[in-house]
């Protein structure tokens, strides 16, 4: 009933930000909120959009489906809100998504990675890398750059980890040059990976793909290197975070992974964002934070190009634009997934640097 | 492989055992399931990091952190549990109270330190020793030795000293213990102090081993340690250690045979099976009831 | 055959032989007492009879049936109920509810009857409640029906415990030191009460240290010491038995 | 502190005073309360509010279920989230894979949860106190692990989504048409009815006796094992029902919907409301479910305050907010013209 | 010189006022007995003196020191020791550990060992069972342990709450002799007994409690001749009306 309700006019345009702000994953929520705020501040400094100021409304979903569901109800009952940046995990996003879809409120998640997430509805978008394309890069690293064959996988047992782990396994199985020697899933809530490591090592893995965030890859690398100093660890783009080096220390030296965002890039836009972010947060932004920043950017760009807040046309505009952001060029496909471009990074001397293959090092 | 996994399981179990001893202690003396123990454990590591941040140096920081955690134990008792005891309220309300406490500690830690995983300094140079073809790190050995020493000290304290006798008397009947001339408030505070200290020692060692700390680090480990304490028999300290090792080893074997993702379930399945066979745990004695 | 016949039962706790080949019998309608020094094993006999402990050897026949391997519940339903040396009421429940629990084994309606409030439920429940109220009246607790058990003074708690045992429909009552903690007047009232139970056809097996009660009530007395029977007989015979006087009654006048 | 204490005390004393004095009007009160809740949606609450009311209803059902086990029988379960999950998953799978109607699916789920209750209850009969609690805790975790690892049935960590809403004769119940709300109300009334039935019959009395003193109960001829297992089963069945409804309400479930925190929440409600009471479950659920919503403005302090609330409530009202002993006289049915009836009259006339 | 003085003492349990203005005095070296029906408040008085229940109003003075709101452990240190009603032994500790706890306030280890052997001499049964868990002892054995434990602290004032409860008749005599012995060694005693006859016989003075108040007090010899006391507490004259009433109510019931 409210889809055609005209917004009352001159007040600020509101965008909801719904992430865990308390609990285990609060660090992510806080950093995404900050990244989003930086983008909004940029726009507001340039006169806002459609002549109106932009305002973020912050919700804490504690990364719980139940909380998210009730927040979603709260968000859709506020007609001033045009879209939502959130939620954090796929599971939570998918509990909330139907409510947004029913009420024609745009949801963009910068983190959700469940394959089915964006197909929940037409108003549901994802500005996160699609895992299969990331694995193409990883395949390239292993076969061409490193020339290794025996691959092991350690995946975190979450919706995301399970899916990504399966895709990684497929990738290896379909490549006759690679051999999947072992695949282990590890549970959240324990920092001891020795059991999984022993199995991978026994199986003779030369390279291990760690399907998890920095909080998995850093201790994993540490514990693995203690028993096998020569192991090559490969990560995924969302492990790209300053904490990886803080936490992993020497053990993460030589870890390689694909990214669509690189904080030390020379691009002006990236520099500008990184400076603003570091000033506020004290550490460098992660890839996911950069995607949060870009997500707001795309949404505002779509509003601007659409020229009105009409929900249906706004959605169509969002689906058609191509956005140049700090995570590269972003364009949503039919179901609402973004395609991305990747560069490779390696940890060297406690820093992330671009990786150009073994020969080039 | 199996042997290696058993050793891995043993060192994992050592971590559970370390925490379980503190659980079992408070549990044994106060008949209280202290759900805040996991949070107190996390507090210990954070306290140490805090003092390190203020340039106290590693050893003084650890000492201060451990003492502060002991004090936290006493504070918890004074503020939240003592009033309940005074009212002779049912044990279950203390359980809910300790859950409330763990919410508070955990969230305050998050607010103060952030929820992310942070590095904890390495305590010892970690060397690998080969025993029977399996690798063991020096740190694992240190953890083992520490738990045994901790166990020995606590066991002597409880079984062999006057204060230990008083602790056992308080456990059985607080009012009558007072009538023996025992300062029950002091005894209970002392027990909580010991509980806090042992939690902190455990968390320093374990954090030092994995070189990692974060506010929710005590949750899953805490549950497992609780399971270990019960598995060994409530209040039986050496039982807590054996319980921890049993759970650790069964996780190791489970990971080998079924995969790492079955670790946790196997730990609890073992627990259930053992309790069905021995309803009072491995070393627990069935409560006597003279009719 | 006697109503209750106990044949050479023994039980050991670790190294201690708490009951050593004890045998005794109780005729229907009698009051029989077991006396003996502290720790002689009297309560243990009750625990064996009621199925809490299992005798290592020996046989028990009650009302023509062998009690071997019978569970406490089965024993109750055969018609034997007990009280405890340390009173064990359901303190968080009302007086009348305590008695209603006693009627439990005579409940015929099913779980679903209770859920759907069938006629059977109403009839039976009503009957039970009235029975309980009547019973309480006869033991002199009618003013306490609605009270909670822990608010009762000691003497009334004792009475309630007996009423609860009666409510099971038992015909043999095992009473473990019912007069303990009562003053002479109260124990005299209790004596009258037990006598009355006898007159109504109840059979009573009694443990008691109050000689005033024991000697004036018992038809027959067994004396235990260190788990062994050292004497048996009518009250007068027991009073004159030198062994009993030495081990139990003590020299001098009897209170 | 002192003020809070006297405040809370006065409040609950007030309630218990009301109980004694308003008893006569209870039918009117119940009817009033019921019609008020039936009218709730008509007051035009947002879907957000409706959702909160529904969640309160669900948690009331869960607490009523656990209350049978913990409140009456004295067996503390730290793993009721497991039964909740089993109910939800069974319902979801039956509805999705076999296109079953909600009602049939839920009923099968209840039976299945009941069987699980039996399977947990039987082997743990010999356990008491903390030993039992830790086993239930383990059970809850094992259920979660099974959900995570038994991919073919449970879809693993990906969870189950697109669970259909209940529909009857082609009419789909949603939040918007208040159908879900009324369905919750019907189920809640049903569960409450069952609990009252148990409480006021031999079963409830027996369970309470077992809680008070199991040995004494056994000596009264009670087969305590049967009743304890029975309590497990009934409790599981009711929890399974709540789970089934929950699955259909949120339409997406995964292993994270049924964590240890959920089990703790249910237990907290039971204890906060007042163990062994029915009224307490309603109040407890209302407070603990509504609190995080009301406290949203507190932001990160929210869960610190939540912890404080638990502690303070326990400190000042350890027996639960509505956990007083009834002061009403026990209801004794009277048969007219019976002997006892006449006697009583006579006694009254003489003036006791 | 008065060792213990209780002035206008009030104690409540929630809404119930159990003590309503008790006045009592005990001279150094005296035995005082406290008698009264169940629920009169005798145990509550001892609990108030030892600080285990909070006093609402009034004063308790021990050896010129106001101990009214002191904690139990401090009171024990001053030299008051209680053998409590219901024994209160620590069930999962051994007999010997229980005794050691009784001497918790004493420092000298060899003296404690001597006292323990004295206790074993007095109660040989305890010596036989020094390693047995107290909870598995029989009722009477536990009672002996409770008394022995109370003596372990070498108190100046010994409070005994129904020490003869559950004891065999010969032991009752021994216990009363023992009380006199202890007293001769200079320990003052406050004795609660249902067995008022015995209690009054060995005590210097007696207090009769009723409904939380002192109804009568005076020299025991005089009180024993008081008609009312004899009737109500010594059980000599049993009110025939009472027993008749009981019998009648039972006869009319249809059990």
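Order of writing sets the chain letters: A, B, C, D and E. Residues in each chain are counted from 1.
Assume a contact is a pair of C-beta atoms (placed from the backbone, for glycine too) under 8 Å apart; a residue touches a chain by one contact, two chains touch by 3 or more.
Note that this is a predicted model, so its numbers are computed, not measured.
The minimal number of chain-to-chain contact steps leading from chain A to chain D is 1. For chain E, the chain with the farthest CA centroid is A.
Interface comparison, B-C versus B-D: the pair with the greater number of contacting C-beta pairs is B-D. With centres taken as mean Cα positions, chain E sits 43 Å from chain B. Chain centres here are Cα means. That of chain A falls 75 Å from that of chain E.
Taking each chain's centre as the mean of its C-alpha atoms, chain A lies 37 Å from chain B. For this pair, chain C with chain D, the centres built from the Cα atoms lie 40 Å apart. Within chain A, the positions touching two or more other chains are listed as 22-23, 26, 157.
Across the assembly, chain C contributes residues 43, 52, 84-85, 134 that each touch 2 or more other chains. Among the residues of chain B, those touching two or more other chains are numbered 107, 110, 261, 264, 287, 289, 291. Pairwise, the chains that touch each other are A-B, A-D, B-C, B-D, B-E, C-D, C-E.
In the complex of the two chains, the chain A residues touching chain D come out as 21-23, 26, 60, 64-67, 69-70, 73-74, 76-77, 89-91, 94-95, 98, 114, 116, 120, 157-159, 161-163.
By the touch rule above, chain C contacts chain B in their complex via residues 43, 47, 52, 84-85. Note for the complex: chain C touches chain E at residues 13, 36-41, 43, 85-86, 134-135, 137-138, 140, 153-155, 166, 177, 180-189, 192-193, 196-197, 199-200, 209, 211-212, 247-250, 252, 254-255.
In the complex of the two chains, the chain B residues touching chain C come out as 291.
Within the complex formed with chain D, the chain C residues making contact are 50, 52, 72-73, 76-77, 81-82, 84, 88-94, 96-97, 100-102, 104-105, 107, 109, 111, 113-117, 121-122, 125-126, 129-130, 133-134, 143, 145-146, 148, 164, 168.
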